[in-house]
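Notes for the one structure printed next.
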């Protein structure tokens, strides 16, 4: 499963894309738990959303290799 | 005393400027009373203000030959 | 503060006037000639202004806004003469550090202009014409 | 509805897009690079966008506004890349029959854009830089 990274999450993780092979990650909530553990400084952000197929996803929404997944740290456009 | 006319008051009176020689007209209120009597259709306007020296004047303010006086029918700029 | 009566509105000039390094927000309101008025089709408009007094009232409105809000720049520009459907007739605008103030102040400028500035609009329809707001 | 990500904002294009014979009111909000942020002097900004999703969110915001208000036209244009102090970074605008709606809808566009659209601003100061809003 590939995860696109932007802004501060790109800088924290140090890549433009993260590849996760752990098959136990099947929901947005599980993905966030995994990220918080692997990259503790992500916890310090004001918020962290996950986009699945270009749409804001809920914690219970599924994630998998067929989805376009991205981390959305706090936005600051405008 | 000369009175500048704009918009619908210019059309009602039929002139760009009105000259009044009646010496009994010494205030804005007296000027309005005179106008309402001389040009009854002015009464039908939504409002009528009088400007003295480019400023909205009150009923009690003086008017005379040394002032620049104008009738201000309801404005509609913008 | 840019206050003037013009034949035609230049929006780029307006925006460039408002730019300021201390401003994060610019709000511009542009009033344009609508194709309908009083329930009839409008063919064109004409504006008449008591120019000296209109400029003075516009200046008072601008000065009042600069006193009330922390604005960087402010403009009020109105046209005079004949206007066709779709053409801009007035532009008001401000620049401010933040957007709240920019919306509030810009709204105040156009509302107050419409209440106080001695400019009169005549709408022409296919068969007649009317001075706007003149009668109840 | 004009929705796009661009290198540079063209305000004349924006205004010409919004013109409509049925509109009496146009409101435009332009966000610009301010010379201060987080209490420090800003030297420049950089915007990063998740482009496909940003465009999709901008389209949703526009569609929502067209449903809620009787707008004639609507635009949301954001820049990407590097911006200097004073440069415009976003323009949102609407045309509507009357001014009330134009102010309300334009305000809604910029507020919602700032909440939802996946674009990130990095401010550069003389000695460091910061992703805006990232931390509490």
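A, B, C and D label the chains in the order they appear, each numbered from 1.
Basically, a contact is a pair of C-beta atoms (placed from the backbone, for glycine too) under 8 Å apart; a residue touches a chain by one contact, two chains touch by 3 or more.
Here the structure is a predicted model, which is why all the values come from computation and not from measurement.
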Those chains that touch chain D and also touch chain A are none
When each step joins two chains that touch, the fewest steps from chain B to chain C total 1
Whole-Å distance, C-alpha centre of chain C to that of chain D, is 23
Between the Cα centroids of chain B and chain D the separation in whole angstrom comes to 48
Distance between the CA centroids of chain A and chain B (whole Å) is 72
Touching at least 2 other chains, the residues of chain D are 31, 110
Chain B residues touching 2+ other chains are none
Chains touch one another in the pairs A-D, B-C, C-D
So, in the complex, the side of chain B touching chain C is made of residues 4, 6-8, 10-11, 44-46, 51, 54-56, 70, 72-78
Listed in rising order, the residues of chain C that touch chain B in the complex are 31, 47-50, 52-54, 56, 78, 89-90, 110, 113-122, 131-136
Residue set of chain C touching chain D in the complex reads 11-12, 15, 19-36, 85-86, 88, 95, 97, 99, 102-103, 106-107, 110
